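The two complexes that follow have subunit A in common; it is paired with subunit B in the first and with subunit C in the second.
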Partner chain A sequence: MVDETVASEVIQENGWTIFALTGRLDRVTAPQIGEQAESALDSCAKLALDVKHLSYLSSAGIRILLRLAQKAKKEQKAFAVCGAEGFVKEVIEESNMNAIVTIYGERSELG
Partner chain B sequence: MSIERRLFRLLLVMGLLCFAAFAAVSFLGLYDVERRALENSRDMGTSAAEFAESAADKQARERFALLAKEKAQRIERDMVRLREDTELLAQNMTHILTHRELYRPRRLPVGGEVPIASREPYLFFLPALRESGQIPAVLPDAEIAANGADILSLWAGSYESGYQATCFFLSELGYFISADVMPDDEEYVKFYDEWYTPSFDSRQRLWYEEARDTGKTVFTDVYVGVEGYPAVACIAPYYNEKGFAGIAGMSSNIDSLYQDIAKSELEGTNINFVLNAKGEVLISSEKGGLLAASETPADLRRGQEQELAAQAVRMVQGDSDVTLVTVADANLSHHAPASALAHPEASADANLSHHAPAVGASVASRSCADTSASMRVAALVHPEASEDREYYLAYAPIPSLGWSFGTLIEKDLVAAPAQEARSYLLAQAETFGASLQEIFFSNLLRTAAVLLLLLAALYFASRRAADRFISPILTLRAGVRDIAEGNLDRKIDLRTGDEIGELADSFNDMTGKLKLYIKNLAETTAEKERIATELDLAARIQAGILPNDFPAQEGFDLFATMHPAKEVGGDFYDFFFLGDTRLLVTIGDVSDKGVPAALFMVRAKTVLGSSVLMAEKEGGTLADAVMMANDELCRNNEEGLFVTVFTAIIDTDARKVTYVNAGHNLPAIVSGKGEARCLPKGHDPMLAAMEGLSFEEETCELAPGDSLFLYTDGVTEAENPEEEMFSKEKMLGTLGKFAGKSARSIVEGVLAEVQEHAAGRQSDDITMLCIRWREEV
Partner chain C sequence: MAILEVRGLSKSFDGLTVLESVDLSVQEGECVAIIGTSGCGKSVFLRCLNLLERPDAGSVAVGGREITAQGAKVDEIRRQMGMVFQRFCLFSHRNVMDNLCLAPTELLGMPRETAEEKAMGLLREVGLAAKAGAFPRVLSGGQQQRIAICRALMMEPKVLLMDEPTSALDPAMVGEVLAVIRMLAKQGRTMLIVTHEMNFAREVADRVLFFSDGGIYEQGTPEEIFDSPQREKTVAFIQKRKYFTYEIRSKEGFDLMELQGGIWSFAEKYGIGGARVYALQYCAEELIYEFFDYSFRDTDAVQMTLALTYAQAQDVITLELESSGAAYDPFLTESEAAEDDDAHIGITILKKRIENFAYRFDEGVNRVRLEL
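Now for the complex of A and B:
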């Protein structure tokens, strides 16, 4: 059920550890992705979530993004979200997260 | 098929296989024993038969050798005695004639002139002497020679009566002195007419000449006397001071010898014969065939029977042996009785006819009949088809005569008892085999019967074993059924000590655990109910927290609703008047649902409300109030919850809205004409996410008839079963439809549409707040 609704692929690119997410990031799938991403952040300096192929992002998903951002800030690491499109982009914009989380348009824009 | 049946079959099949193997082994064993015993008994029969045959052969050879030897010895003995007697006569006469001074002349009755009694010595003058008139000249010599009469009568007296015999001296001078034994002692000696014919001169006989010329004792060939008895005569020369003076002779009846030879030792199956030095058959038990005595004797050594001829050579050489010869059956004709030889019809032998007249009247009489034929004429071949047969030939020499005695017997006749023994033994072996077979079959039958009994026993034993094996399973099944029907107190009592027992124990264990589980479940359910009750209570309390005294004034009306996805939700709304016309409205959405969200929502609502009030009191702006609230909410937020908030202070008269949008969905504005749109500005981050953030105020003014519609994402993100969201567009469309209606109508209308869209599902809290300004008249 969990695996059916979200899938993540870990890519190392340009110094970043990138979680490319596919599917829905909601209250059901968020805890799992959150744990994976948090443990990934423990072992890398730059973590990004590529949400290009994410079809849904709920407030629970937003919460994950915020928690990761807080953790990165505390540990002085980099955390970013990239590739948001459509609904997900809307949600991100509406939640006005850009003050808290670094948002990039495309994965290639990661610096 | 039930396990019992399967088990039963398995046991039965296994048993049957064992039995089959056992049966096969015992059958094969029995069969083997039978076959071997049969073979052995046959072998034994055959070898015993062979042994019997070879033993018979050996015995036959020994027996025949002995027979031949005995017969030859007997003939030899008789002939030696005859020769000795004859030689004694000759010596006696030689002594008389060479010692005349010791003897006085003696007168003997003259044969033919006076009757001569049997055994009485007499004198006879040969016709030649009588004719020459020299009788007076030879008389003195004869009168001296007459002194031999005593020994003659002595010799003649030793002959038993019943046969013709004679002892005599035949002088070179032409007289002979003889003592004749007549078959009947009362009879007188017969003088035949022939004896008076000039041709009658015994001195011209071959045997006379032979004895005279060689000076040796000679035997005549066998001849048959006038009485029909076969006889042989022995002749020995005697001498006077000048030399050869005559011969002494004795004729001996050899009838008993004949009888002996002709006697069938082996039930008339054997042929006895005597061969002389010329290879001729002299005496035989046969009337016909090669081995019969013939008037015209043939040399057997030159006969057509090769093997017989070869043996005849050895016989004449004086060898003795027992050997097998093959002779054509037709050449033997040994079946005729040999006694025929001894019958009186037979006439004198041709050879004898030459000398018999010279011997005496009785002998001469025989020569009359000598024209009539031989001893045995029928030396002819049997008309039947000739067949080669094997014969034993045993022979032994009669040295004094230079003869050989032979006996011939058909091998098959000798072998017959052995053959009989053989067939008897073989029959015995067969009988043994048959009885063995009988034993074999009866054993087989017994074995089969035992097997059948065992089979029956196996059947019942298998059934019983299957029963015994299956009964715990049946008990188990009954117990399990009982348990399945809900009797969890049922304990299955099976102490078989095997897997089934373990299974029963497992079932008992399971029942126990099931009971415990049910108990736990009941407890859990009770607990859940309690929690549910509490949650219900909490929900009511939460509902109580949210204001429901909706203002409805001349210029505007307000309505709000909150539908948590769970019992308690994370959404909230709030409104209260800060002054107569200054209305604070807030809508918030905590980033979670359930109890934690509900608690945080209460906190957020309270903090936000009190922050606004504090800012009012201290002359701060709405943005200041939000900033304060954010900092406050960030404190002790270990769970990392956050809340999106839209809060506004509305001048209800001026329809001027001053707001801060902290990460929330921008509210919609619906005109009285049905145009719906979202507020364009307001992009601050959500609260409780990060401390120390600052927020910006935005303002907008509404027209009469407009409605301000606040909502949470539970509205726009409500999904239908196809996972399609209700969406902002659809929401705006719905709002357009309800333009001009009361705030309550708008809220309830949107809710109805959302619920219809979600078709009974709700994944997020749904919260709406609407303020509608009336159209000015």
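Now for the complex of A and C:
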């Protein structure tokens, strides 16, 4: 079945605030996740979006990543994406986002 | 009594048996759709009925008169069967009215005035009264085929034979011809239609004949043939192509989850793998919202149909999106995340994933088609 929703979890690890996503990030689920992720960025200096358990990503999700990257840059904070696999990884690569966002393979690679 | 009675009809070409001892009775007012793979003999069967092909054996009778009998008045009996061909076959040097009036005045001795009156009535029915003076070359394929149907009806045939009446048409024109045939079915015309339009056959036919192995391999109501075919080759034919359609009538009311769930179930049922399902869902989502945002900018009411077709034999999935609204070619747009312009990034990514995509706008409808 389709994962009906998306879930998020905030974890502290190695000086990073990890915003971990599970499920689908699409036009319907993106607005809520966008708000949550932005408020997580507000209250930390280093935010990483862990998409390891994200199964589906559309351009609505890509736009969230871009907003976060822009906001982090403006506020001189660190922002990274990690854990992308399969379809999600392909979409991230095809969006050319690696030019403006640091992408890590695994959460453990976060510097 | 049956209006059309076929007994033991056989036909072979150069030793290759195409039809072998086919029997068929068609009742007055019945609409019969004939389906089957290319080369299964369905068109040959139709052409044998009015002796455009001479059968090797068997008999064909229309309204109780046997066209295959020794000394039969073939031309007279043939007139009882109006024929509509794939390629309209109108006289190019005569206008529409002449095309329609020629046969009834010459062959039936109908006064020209009566013929013209009848022709105008038919043209009105198919929405082409304004084209009576036009020559075929200025008409679209769909219009020519509607005229060709009128021409067949001018002779007041007892049975209409249609040999793939939409297969030579541009996809955009298929609808208008099917609409005319649908109307004829509602009027209770007796028709035999060879067609590849399965949805149409299902909707319009009283009975469906599946041709294979030199004859009627299986027959039944549309429900019997399309929903629960019994014999092996019918099952293989019917299940070769799989369809999924989804209608959207309002932006506000659109349920993305429901659509994606539908695509998921469709894919799961036919063994389409995980990565392709996501790709399908991605294409559907991006295209729909691209039209919401740029073709239906200031309105909530939309008219969109998303259709998926899976050709199992070729392992190709076709996604087609038909959408009303302002003409908008989504594939002309381009944007890159790295360039700080993400307005059309969804489509930009889509174009990187998909090699075969096309856009057309005709008769007020945006048509997008892509293959995965």
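Please note the rule applied: the second predicted complex is superposed on the first by the 107 of 111 C-alpha atoms of A that agree within 3 Å, B and C clash if a C-alpha of one lies under 4 Å from a C-alpha of the other, contacts with A are read in each partner's own complex, and residues count from 1 in each chain.
One rule holds in what follows: a residue touches a chain if its C-beta (ideal position, glycine included) is under 8 Å from a C-beta of that chain, and two chains touch if they have at least 3 such contacts.
These numbers were taken from a predicted model, which means no experiment stands behind them.
Legend: residue contacts after superposition of the two complexes on their common chain; A:94 is shown touching both subunit B and subunit C. Contacts of A:86 after superposition on the shared chain: subunit C is touched, whereas subunit B is not.
Contacts of A:59 after superposition: both subunit B and subunit C are touched.
Contacts of A:15 after superposition on the shared chain: neither subunit B nor subunit C is touched.
Of the two partner chains placed by the overlay, neither subunit B nor subunit C lies in contact with A:31.
Overlaid on A, the two complexes show subunit B and subunit C touching the same residues of subunit A, namely 26-27, 56, 58-60, 62-63, 66, 87, 91, 94-97, 99-100.
Subunit A meets subunit C in the complex at residues 1-2, 4, 24, 26-28, 55-56, 58-60, 62-63, 66, 86-87, 90-91, 94-97, 99-100. The touching residues of subunit C, counted against subunit A in their complex, run 256-257, 260-261, 264, 274-275, 278-279, 281-282, 285-286, 289, 336-338, 342, 345-346, 348-349, 352-353.
Residue ranges of subunit B in contact with subunit A, taken from their complex: 589-593, 640-642, 644, 661-666, 683-686, 689-690, 693, 713, 717, 725, 763-764. By the touch rule above, subunit A contacts subunit B in their complex via residues 26-27, 56, 58-60, 62-63, 66-67, 69-70, 87, 91, 93-100.
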